[in-house]
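Read from first to last, the chains carry the letters A, B, C and D; within each, the first residue is number 1.
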Amino acid sequence: MRYIPRMTTTVRIQSEPFDAAAEAKKLSGGRTDVGALVTFTGICRGNEGSEPIVALTLEHYPGMAEAEIERHVAEAVARWPLIGVTVIHRHGRIQPGEDIMMVATASSHRQAAFAAAEFLMDYLKTRAPFWKQVEKADGTTWVDAKATDDAAAERWAAPGRKHAAAE
Amino acid sequence: MRYIPRMTTTVRIQSEPFDAAAEAKKLSGGRTDVGALVTFTGICRGNEGSEPIVALTLEHYPGMAEAEIERHVAEAVARWPLIGVTVIHRHGRIQPGEDIMMVATASSHRQAAFAAAEFLMDYLKTRAPFWKQVEKADGTTWVDAKATDDAAAERWAAPGRKHAAAE
Amino acid sequence: MKLRYFAWVRERVGKAEEDVDVPDGVATIGELMTWLASRGEEYAHAFDNPKVIRAAIDKTHVKPQTPIGTASEIAFFPPMTGG
Amino acid sequence: MKLRYFAWVRERVGKAEEDVDVPDGVATIGELMTWLASRGEEYAHAFDNPKVIRAAIDKTHVKPQTPIGTASEIAFFPPMTGG
């Protein structure tokens, strides 16, 4: 009989800071079927090019942000043999050095955990309804979307692409 | 003038447990040029297929293990715009649920952090002189190397392969 | 029908949401953007390059050719920059 | 010359390391494995399939055709399974 793991998925949108390490630990704690845990943390940088950043402000579309992320988490769970997935994304004003968002993926095997984390990041960047405004000494501007992010997201949709689903 | 970040690399081989979250945090703490932090933790599972595992024992080649990992960390630093890399690998007897090893990579950009972490994992699996012995109720056996791990490591050497080096 | 605007689309339109009566003949998201652009200077500015504007019907991404149908909420916003 | 054995190569040979005088004519890692296999039952067992055995000279991976040269330490071990 195929082993069906107990699956844990968490999606949270919040203005409060979060503890990425503690959140990741929840995926592997108290169980012994997780062999690989990948955590990505996106952090607010203190500069853009050579210009200092005072803060980022993240606007989001409440309701749609959760739904869109949950849809991609469900797709990741369908594509890779995962045991747990956590996505937390902050909105509001965030200062340099603070965490903006995190993705954690747990699996029996490393390639599934890595692939799912990258897949979720690529989709979050291009499909989750969040918009970054950057605040500098001389005013605020909206961050432009990057063509490289669209390209990164598209590689997951390319026909015939093979995924390393297990070790 | 191109910004040259202060670079932190740490390679440790030890029998003692380590705190993966605290080690990863060291790469981004106290600085504001890290935008992306990827942490991989390899954890001792409690079963292999349907058979329970009592413990893993990791043998290693002292001196060569450090040198080999440091060589691959240096290669990762040369290939991707990284700000920090940490690799910690335990040896000795490890029980289910305990962390075996970790890789953490910090960069301004997510694709570099992900690529470098995967590269290091693929090389650690196939080139770092560690051997796992698995202890079950009916005795101990050496873990066989996996052909899929060799294939995973080879993709980094394939001529003409393009790396996403920056966002 | 409720319309919502985000990021610089919201700033240019000058409001986060509004209720509108969409005239007959406006059948798709693309046609709705063309109609909105005709509603005044701030709308013309917000929708002057509809190719870069993204839309969602009832919190799901849609394309310009998608029919409005019986949507209760339509949102317009720039390309997303989260993560 | 110091030889070191790891994992099941060590278990089969029955020791972790030893000093040996390599006879003339044994010039490469592959030839060294062939010579070792002739040294007794435990060595024959350890080296009966030299294709699966990996080697390092002075803590650097080498291939079977690599000359021994002036190595001070040569190690033999199975494919690695760390990570």
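By our rule, contacts are C-beta pairs under 8 Å (C-beta built on N, C-alpha and C of every residue); 3 or more make two chains touch, one makes a residue touch a chain.
Since the model is a prediction, treat every value here as computed from it, not as a measurement.
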Touch graph components, with chain B removed from consideration: A, C | D
Farthest chain (mean CA position) relative to chain A: D
Distance between chain centroids, defined by C-alpha means - chain A, chain B (Å): 21
Euclidean distance of C-alpha centroids - chain B vs chain C, Å: 47
Length of the line joining the C-alpha centres of chain B and chain D, rounded to whole Å: 27
For chain C paired with chain D, centre-to-centre distance based on mean C-alpha positions, whole Å: 71
For chain B, residues that touch 2 or more chains besides their own: 42, 110, 121, 149
Of all residues in chain C, the ones touching two or more other chains: 83
Those chain pairs that satisfy the touch definition: A-B, A-C, B-D
Residues of chain A touching chain B in the complex: 3, 20-22, 24-25, 28, 31-47, 50, 96-97, 108, 110-111, 113-114, 117-118, 121, 146, 148-149, 152, 164, 166-167
Interfacial residue positions of chain B with respect to chain D in the complex: 42, 58-61, 63-65, 67-68, 89, 100-101, 121, 124-133, 142-145, 149
Touch list for chain C against partner chain A, complex: 4, 6-8, 56, 59-61, 75, 77-83
